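Below, chain A partners chain B and then partners chain C, in two separate complexes.
Right, the complex of A and B next:
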């Protein structure tokens, strides 16, 4: 066992009825890593994020955060320990203002009850490009702003491991580019990151290290440039996605 | 709970709303009995306002609707009655102890707060029936009076009880106001909106639901104690009254607007008075009317009349539109 890992995912199995969404997935994150998690639709990427963040409990396998078992902890406990995520479909608290959305994470998150609440809130709003929408109801934001709010909420808990699920999907090229730059900025404040994306160009811009999932199994783990050459990856993923 | 930031915004900003709650209620409760000399009706109104606010805290702010939540009212009434009649307690501590008993009972439900709303709704009904059978059981006659009712007229004091009920009804409305402006209330609202996302923000939804549940059952228990005291003697059916102290309250809250500060109070004042006036003429068909009203509310104005009133007030106060 590698004692230095930030996050270790060991043989995670998750079934939905007869469907095995994750068939024994293992991976590990070291400090400073950004791991690109790619794979075709339905390959289990979101399910893995759900299991790591605690929204789903695995049927088998274990999760270690800095060597500590977290796979039976509730999501808020994991949040306090430093695991957070964004959602593929954003989850804003629509009836609350943007600022209140972030305040909740600041108040109840990992370092909750801080004296510099206002300053932190402003910094995060600025980073996410939401300063001018601070007093807007989150429900009135557009999709890309909602995605940014998701990221802002996660960052406000000051996570150590951040799981980002398709943040750039559905954004136009310049927006996606901005998100890639933003993620690099975010990397400085977290210990490690998993970035799920199926736009290959996007992943390329954020990291070199990728894990490729197919039908709930890891079929490749290594450098992005090698993944593109890998025959299995080409077959299941690039073939279907049209080789973007 | 987070006390450094218990209020996100300056609490002084609550004054206008607080006075808009207190002033009309004070007028109703002080002048009401002079205009319509039947104190017991206004006493009941105070009790219903407490129950509506209590229900609003669980249903409005956490989204859980406990159909049988009248059980806390009944336990509060019995707790008070038993402590006074058997242990000769003073009224005030007896009522507080009765309410604590109700809150303790509510803790038994907390494992269910992990489950979805439907289980919760049904299990509270089951608890209601179970406690009714216990308190009305002939075997317990020496303690609870069983089916013959319980009497503690030695402390009867209608005027004092009325005053206490009015003050506490207003206080419970203020409690809802404070909750709505506090970080606790914002957390509750977030829990209701998205129970997954809120956990990721670090909020233990179970813990905060439990707090809401405790506050709610405590207020219901207080209402029960005050009601029992006013009666001096009651049968089990008088306090274990599902139609009045659960269903009617649900209708009041839905009509006024769940999850709002003013809705449950306004809804209760209006519908309770309608209910009282109508019950003079059609006692039996009344429940059918209220049942239909419940259906109409859920289907057509699920948010109640509060948003409409708010719009009307905005138009009156700021005819040219708000900044």
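Right, the complex of A and C next:
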């Protein structure tokens, strides 16, 4: 084991019945890394995020956070150790206000006084561009705002490793631009980040380092500019003929 | 006119009492998605403890609350860990909880028979002096007024807990989305255990006053309280603790008026209303907000 690794994913296997969604995925994140995780639909990207965050338990392999095994821990334990995530389809606490949603993450399982959270809540809402919606019910936000809130909630838990799942999906160009800018801000406050994305143009704005998954296996690991030239990656995205 | 107003005033008292009698059942369902069929038995046990404290030490029921609340809060916390987390891991926690708490209910009823016998027992109205008070020209037992006042105070405390504390915020988050709450660091077991403890303590607190305002205490009356509580939370909205108050008001007025005008129907009409609500609005009167508060 490399002593400097923030997160190590070693030979993760996840099966759903006879379907092998992840077939021995390994990757490693060092401090300061932003890793783009790309691949076509059904390649296992979200499954891997679910396994790392604890919503799914792997059938084989191990996960190490700063050298500590975390693959059998519950999601809230992992969250307390510093792993947090956003969801492809965000699920804010719809009946609560935007501020209350942030407060839950700031409380982070403690039974503290909400009044003490004011300054930090305001800072996070400002960063996410949600200050003016503070007292709105989260269920009334539009898709882009819900995604921002999801990211803001994850940030409020002060994660060391942040897993961002298809934040740009379903957003228009200017909204995706805003999200990319925000992610660059976010990288200052986390130790390492995995950004899952289907939209290739989005990923190159956020990071140069990518891992490409196909059918649950890593088919490429390296720089984005090399990935787009790689024959296996081109085959996966464009088909065997080389395509359009 | 007098009878009509009498029924109106009495129903307010019933509504306040039924609210705290049923509230805990809804809190547990909202947070844990399980049904505590032994809810009424905890109410009965609270009642027996209050009767024992009155017999042995002359405690009036308000003083007894200082003993009953912490004792049953502790019982709830202690029972949570061996029972509920295992249920949550089953394929269908709701159905499993029916079966498990059905067993708990009968075990508790048997225990009550062993400890207290099968005869009916009640607290004496003269634990309060004066025995009667006059409010707005109506003379009524002091015990009834105290029961209503304590019930309203308990509701206010539950509101404060749910809407003004960090713990309450996390409790509401858990009711809305369990996975998301876990991802945000909410300790499911800690928050649920406290809610379960509150639920049992609320039921027992209602039990302290139950022999004044509803039925005399006996081991077998727990089933009736579970049934009434269940009807109330379904009428209000299953999973929304504060909708319990709406369910309790509807149930109490149906009960209160039929008791005065057609006493033979007083145990039938409230349940006819329950059936009507289930058919017309299966999600309950406040059902749309069941998961959005």
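Heads up, the rule we're going with is that the second predicted complex is superposed on the first by the 229 of 244 C-alpha atoms of A that agree within 3 Å, B and C clash if a C-alpha of one lies under 4 Å from a C-alpha of the other, contacts with A are read in each partner's own complex, and residues count from 1 in each chain.
Here is the rule we use: contacts are C-beta pairs under 8 Å (C-beta built on N, C-alpha and C of every residue); 3 or more make two chains touch, one makes a residue touch a chain.
Please read these numbers as outputs of a predicted model, since none were measured by experiment.
**Q** Following the superposition defined at the top, how do chain B and chain C come out on chain A, clash or fit?
**A** clash
**Q** Just checking: does A:96 make contact with chain B only, chain C only, both, or neither of them? Give me first, second, both or neither.
**A** In the superposition, A:96 touches chain B and chain C alike.
**Q** Should A:157 be classified as contacting the first partner (chain B), the second (chain C), both, or neither?
**A** both
**Q** Regarding the shared-chain residue A:222, is it in contact with chain B (first), chain C (second), both, or neither?
**A** In the superposition, A:222 contacts neither chain B nor chain C.
**Q** Looking at the overlay, does A:129 come into contact with chain B only (first), chain C only (second), both, or neither?
**A** neither
**Q** Could you look at A:79 and tell me whether it touches chain B, chain C, both or neither (first, second, both, neither)?
**A** After superposing on A, A:79 lies in contact with both chain B and chain C.
**Q** Would you check which partner chain A:61 touches, where first means chain B only, second means chain C only, and both and neither mean what they say?
**A** Neither partner.
**Q** Residue overlap on chain A between the chain B contact set and the chain C contact set?
**A** The answer is residues 53-55, 74-76, 79-80, 84-85, 87, 91-96, 100, 103-105, 107-110, 112-113, 153, 157 of chain A.
**Q** Within the complex, which stretch of chain B touches chain A?
**A** Residues in contact with chain A: 2, 4-5, 8, 183, 186-187, 189-190, 193-194, 196-206.
**Q** Which of the residues in chain A end up touching chain B in this complex?
**A** The touching residues are 53-55, 74-76, 79-80, 84-85, 87, 91-96, 100, 103-105, 107-110, 112-113, 115, 117, 153-154, 156-157.
**Q** Given the complex with chain C, which residues does chain A contribute to the contact?
**A** It comes out as residues 53-55, 74-76, 79-80, 84-85, 87, 91-96, 100, 103-105, 107-114, 137, 139, 153, 157.
**Q** In their complex, what parts of chain C are in touch with chain A?
**A** 165-167, 169-170, 172-173, 176-177, 179-188, 190, 289, 291-293
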